[in-house]
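Report on one structure; see the data block that follows.
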Amino acid sequence: MAGNSFGTLFKLTTFGESHGKAIGGIIEGCSAGLELDFDAIQKEMNRRKPGQSDIVTQRKEPDSVEFLSGVFEGKTTGTPIGFLINNTNQKSKDYSHIKDVYRPSHADYTYQKKYGIRDYRGGGRSSARETACRVVAGAIAKQLMPNVQINAYTSSVGDLFLEKPYQDLDFSKIDTNPVRCPDESIAEQMIAKIKAIRKEGDTIGGTITCVLQNVPVGLGEPVFDKLHAELGKAMLSINAVKGFEYGSGFCGARMKGSEHNDLFNNDGSTKTNLSGGIQGGISNGMDIYFRVAFKPVATIIQNQEALDSSGTIVEMQGKGRHDPCVVPRAVPIVEAMAALVLADFYLMNKMYT
Amino acid sequence: MAGNSFGTLFKLTTFGESHGKAIGGIIEGCSAGLELDFDAIQKEMNRRKPGQSDIVTQRKEPDSVEFLSGVFEGKTTGTPIGFLINNTNQKSKDYSHIKDVYRPSHADYTYQKKYGIRDYRGGGRSSARETACRVVAGAIAKQLMPNVQINAYTSSVGDLFLEKPYQDLDFSKIDTNPVRCPDESIAEQMIAKIKAIRKEGDTIGGTITCVLQNVPVGLGEPVFDKLHAELGKAMLSINAVKGFEYGSGFCGARMKGSEHNDLFNNDGSTKTNLSGGIQGGISNGMDIYFRVAFKPVATIIQNQEALDSSGTIVEMQGKGRHDPCVVPRAVPIVEAMAALVLADFYLMNKMYT
Amino acid sequence: MAGNSFGTLFKLTTFGESHGKAIGGIIEGCSAGLELDFDAIQKEMNRRKPGQSDIVTQRKEPDSVEFLSGVFEGKTTGTPIGFLINNTNQKSKDYSHIKDVYRPSHADYTYQKKYGIRDYRGGGRSSARETACRVVAGAIAKQLMPNVQINAYTSSVGDLFLEKPYQDLDFSKIDTNPVRCPDESIAEQMIAKIKAIRKEGDTIGGTITCVLQNVPVGLGEPVFDKLHAELGKAMLSINAVKGFEYGSGFCGARMKGSEHNDLFNNDGSTKTNLSGGIQGGISNGMDIYFRVAFKPVATIIQNQEALDSSGTIVEMQGKGRHDPCVVPRAVPIVEAMAALVLADFYLMNKMYT
Amino acid sequence: MAGNSFGTLFKLTTFGESHGKAIGGIIEGCSAGLELDFDAIQKEMNRRKPGQSDIVTQRKEPDSVEFLSGVFEGKTTGTPIGFLINNTNQKSKDYSHIKDVYRPSHADYTYQKKYGIRDYRGGGRSSARETACRVVAGAIAKQLMPNVQINAYTSSVGDLFLEKPYQDLDFSKIDTNPVRCPDESIAEQMIAKIKAIRKEGDTIGGTITCVLQNVPVGLGEPVFDKLHAELGKAMLSINAVKGFEYGSGFCGARMKGSEHNDLFNNDGSTKTNLSGGIQGGISNGMDIYFRVAFKPVATIIQNQEALDSSGTIVEMQGKGRHDPCVVPRAVPIVEAMAALVLADFYLMNKMYT
């Protein structure tokens, strides 16, 4: 209700600020008797964690998860799964300079106005640190639906685009480079671009494409909880996201119906898939694919004007260890949120059996 | 839960199929003592209704709303507002030819697979007819927040784009032409385009831009229920929508942080507004603006292949009275959904007072 | 959220005041493909409706239900079931005398204070008329679980108690008398008592006992949504209810553990059933039984003091056609609410399959 | 949804088994800027904790709470409050004897049947240990509404009843004795009774009465979320509760309307209060009072038959350290749940301002 939960049947509720003792969450609705693969969970955490390569923030956080409940002798019991991720690298002193300052294009100002108080250390609750909890829950959601394949990858950094359709890509190459682009040549250019941007003390935006395969027919709830509407909300809830499109997306808005319609094969599959695997908000068995736009990170290592709490414009020297481009570390977050959406609808759909 | 409700405090729940006796809904959470302007509600209905101009479907439906509860002597009482819209133009016989046929890029196939049964007449529950209920509720939501201004308009039809920024437009001209584009010259081209498309028996996509002004600071709930995430979900839940972007949107993904950051003025407003009026999921008092992509309507008046329930590909001759372009009639729907999102967060924000 | 909905997966949302045009509701989550028995629904409505016998209010309302959606060719389609019950017997003039008067032990005063406005005609939203909608939804819920048997009956009127345990009663006799007590001799005494009370212009309280049989093992959600907690909430939400107990109830609070524990048989059933068919909030397959206390109806045909809106105590002469005892007509309402609770948990439990 | 949350705006979600590493929860909706009194929270915890006197279980648990988020420099920030209570006294070996055994009148059997697996150590999730989390949240809810007074006390143990009306009691004496009965003479008898029961290796039930004072007029949401319906659900969700009544309760069912109606004073208060401070589900400003029935604890230190997983009846020797009577430790739990209900409606009611 107050925005800390995602999902209805498969449900994640999170808490935690970037510089408190710990962040964590509660996962509800995970089917009982599931033998959890803890290594797989930690592997997803490692894909998101800071300090993993030289094109992301150099903060060091192990981001190891401690499970406190809901698992007995390695299996889920159907009761809520409580988990913790300690904040080991808090360095709160770094942030005293922004105590009374609202940084441009950060949430400092809006949190202060909404609540009348804020934990100003490192963005507090508005920090992307909370996405670590999403990755934990998403990793479990993936295990709930072992046949479903969820693959996200970096499809653009600034003006560098991976133009190939996803069908021509080898998803096994996504994690072979730090930018998580499955095309090696484009990946190299992206990495070079991000390094150049970092050298300028600047940041750069990008997009992530995500493909969901082997999704059963029938997931999604019309009218308001269409599958793509929930996917859109899930993605837009990730820090720095500015746009979402699925299937033909914004290009589809330029097309004619005679071009856009996906004709059927005998087996109910379709010859084309401009629909993006969803009709009327319900999965049709074809691949679901969508694209997510991320703005450039607002923290830059340059002088910038900021506003202080007395209404004065002040000069602020950006510092700290931040991501020059959020996209590489956001890939596992996009996958996690997609997994949460699918798991929720997967459980919901059992109602109809 | 099953997808028929939108909102939490200001909440709309709808029912109804396109060819049943009636559609309708229940609006909860509308503050008590509000003197409803019924003409304003009907005016919004008229903007959405079929047959309003020669570039939309020629079906005739008066779409008049009957209020059954929650209003006493012209004022809301705080109890739920039940309302009905009769289906006067059902012509169910029109649809017998699709009883056992799944039309391409319609929801026939997915509804049949999900539920094992479907009301095949005119799309049933998947028909855009249900959006009439959204317009009713949105019109009331607008009255709840009289200071907030919500203006949507057609910003593209096919490849015809209204390139001007919204600041250069006169919103009072939106309803002066049937395509609802506030630039008269572009509007004429759009109208001509839609007429040409209709003559081909084809359809065309487009986009709608929406601007929300005078929104109070502080609306939106972090982490998962960010204001733009709910706006995105709201828009993506409208029939035929394929994409959503707000503020800098997909363009923002190509920018650098030093270009994208919105610097403050002394009063907390910002010099630029690439953020689109939202920081950290919370409104910051600047204009909120976003863009929504609509695919071309799937029903075309041409021969097309379809699938029947026995697994045979059959030839289908499109007929009936459908919109060549959904965008003009979708303008009030976009506004209505935006109003529902704002009203819900507006009530929610009272919790913090 | 604003209290007009009951249930999560099998969900009823209602609207309507006693003297508006109509009351009605939306039922969500009813499985698709269910062939509805409309006569069975109307039969339940008739058990609740006014004017059915000479010991209930003599108002006449046919209380016939009109279904508007969610049913196609006699079967449910999985989409929301919208329904209407017209208010045919409004006689609003009857109520002008209470426009500015708060009747004792009615909701007039609290509605006025909460909302600042109220539809004073016949109790408006606070009238028990809304329970007609519960009966519609409950009748459908019963059809969703045809094996489950739900039987409620009048177990006391004033100081007249049906002391026999439910196992010694013949539930088929419940509807053979207007007071709905399956023991004929006690029923006669109850009827005589109610007639005497009515002659005095007074009213009398009573209790209803309800027995749920063949409920599958496993329904109910720990920790907060225990099966008996939801049953309790369901019953307490019915007008005039003051108490709820299940299994051993308040008597259990006087017992020792060695007396109270239900020992097992080999098949998992228990030798005694003081637990009332529920352990840890989850059904155990034994009969679930509970008892509900109803206060005497507040409207009496006697002179009484009331408060007017100016803060003056005024003499009020009770009039109108009201129930001398609410219990006979509340029997189908208790059953309906029990059915709603079970249907919701029944669907929820599919999540675990 | 899966039953681990209570409340909508002021919302507690919990996790944890009695013998896992920790239990804990997340509190959402607590207003920002509230200076938390941590001593007051721990004081409530101490009232609930095991080992506090010689008439409760002799297990030792410090039950100290660690707050992980949502509090900054001593004040709430409006973000979710995550908290942990470590399980320090797990002694899991104590429970190996019940691994394959379903104890009578425990939740062993129903959890096993529902989930196909259970954490059998000490009741796992079904243990009353989870109520510690309720006490944490309830203590914060109390601080949110400092003017509201919430007092619960033991009103019966077995057949020993405190007959005095609450108006004749001095609530400041509740905590002066270990059984939490404000009448010293009855308290002594209750204590003696519990000690005798414990000596027999048996347990005994009892009731708790709770009084809510200075509750603002207008709390509660008709139709389904009536204030007393939520209070009832809250109480029935506490382990071992079998019944709930408010105001005149089951006695009211024996009364006439002319006796039961509460006549008004000029100021809107009433001369009597059989209604129990609530009309139509909405608080009327008078004292709210209710009574809760607790069954005797199922664990007795006597030989008892139990069922094993192979379907064999086995002899089981009860052992361990359990409460001979749950009521004294349940007093703070009843208060906590009442506080959660009031806080939720208190926030909800702001919607109407």
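The chains carry the letters A, B, C and D, assigned in the order they are written, with residues numbered from 1 in each.
Simple rule for what comes next: contacts are C-beta pairs under 8 Å (C-beta built on N, C-alpha and C of every residue); 3 or more make two chains touch, one makes a residue touch a chain.
Keep in mind it's a predicted model, so treat the numbers as computed, not measured.
Student: Looking at where chain A touches chain B, is over half of the residue numbers used by both copies, so same, or under half, so different?
Tutor: Homomeric contact, same residues on both sides for the most part.
Student: Could you tell me which pair, C-D or A-C, is linked by more C-beta pairs in contact?
Tutor: Most contacts of the two pairs: C-D.
Student: How many Å are there between the centre of chain B and the centre of chain C, using C-alpha atoms for each centre?
Tutor: Centre separation, chain B to chain C: 39 Å.
Student: Measuring centre to centre with CA averages, how many angstrom lie between chain C and chain D?
Tutor: That pair's centroid distance is 27 Å.
Student: Taking each chain's centre as the mean position of its Cα atoms, how many Å separate chain A from chain C?
Tutor: Averaging C-alpha atoms per chain gives centres 46 Å apart.
Student: Listing for chain B: what residues touch at least two other chains?
Tutor: 1-2, 4-5, 8-9, 14, 29, 32, 78-79, 114-115, 125, 222, 351-352
Student: For the complex, give me every residue of chain A touching chain D.
Tutor: 1-2, 4-5, 8-9, 11, 13-17, 20-26, 28-29, 32-33, 66, 68-70, 72, 75, 77-82, 84, 114-119, 124-125
Student: Using the touch definition up top, name the residues of chain C that touch chain A in the complex.
Tutor: 9, 29, 31-32, 78-79, 222, 347, 350-353
Student: Over in the complex, which chain B residues touch chain A? Could you list them?
Tutor: Per the stated touch rule, the residues are 1-6, 8, 14, 102, 104-107, 109-111, 113-115, 125-126, 130, 156, 158-159, 197, 200, 202-207, 217-218, 220-226, 228-230, 232-234, 236-237, 242-250, 252-268, 270, 274-276, 278-284, 293-300, 302, 304-307, 311-313, 348-349, 351-352.
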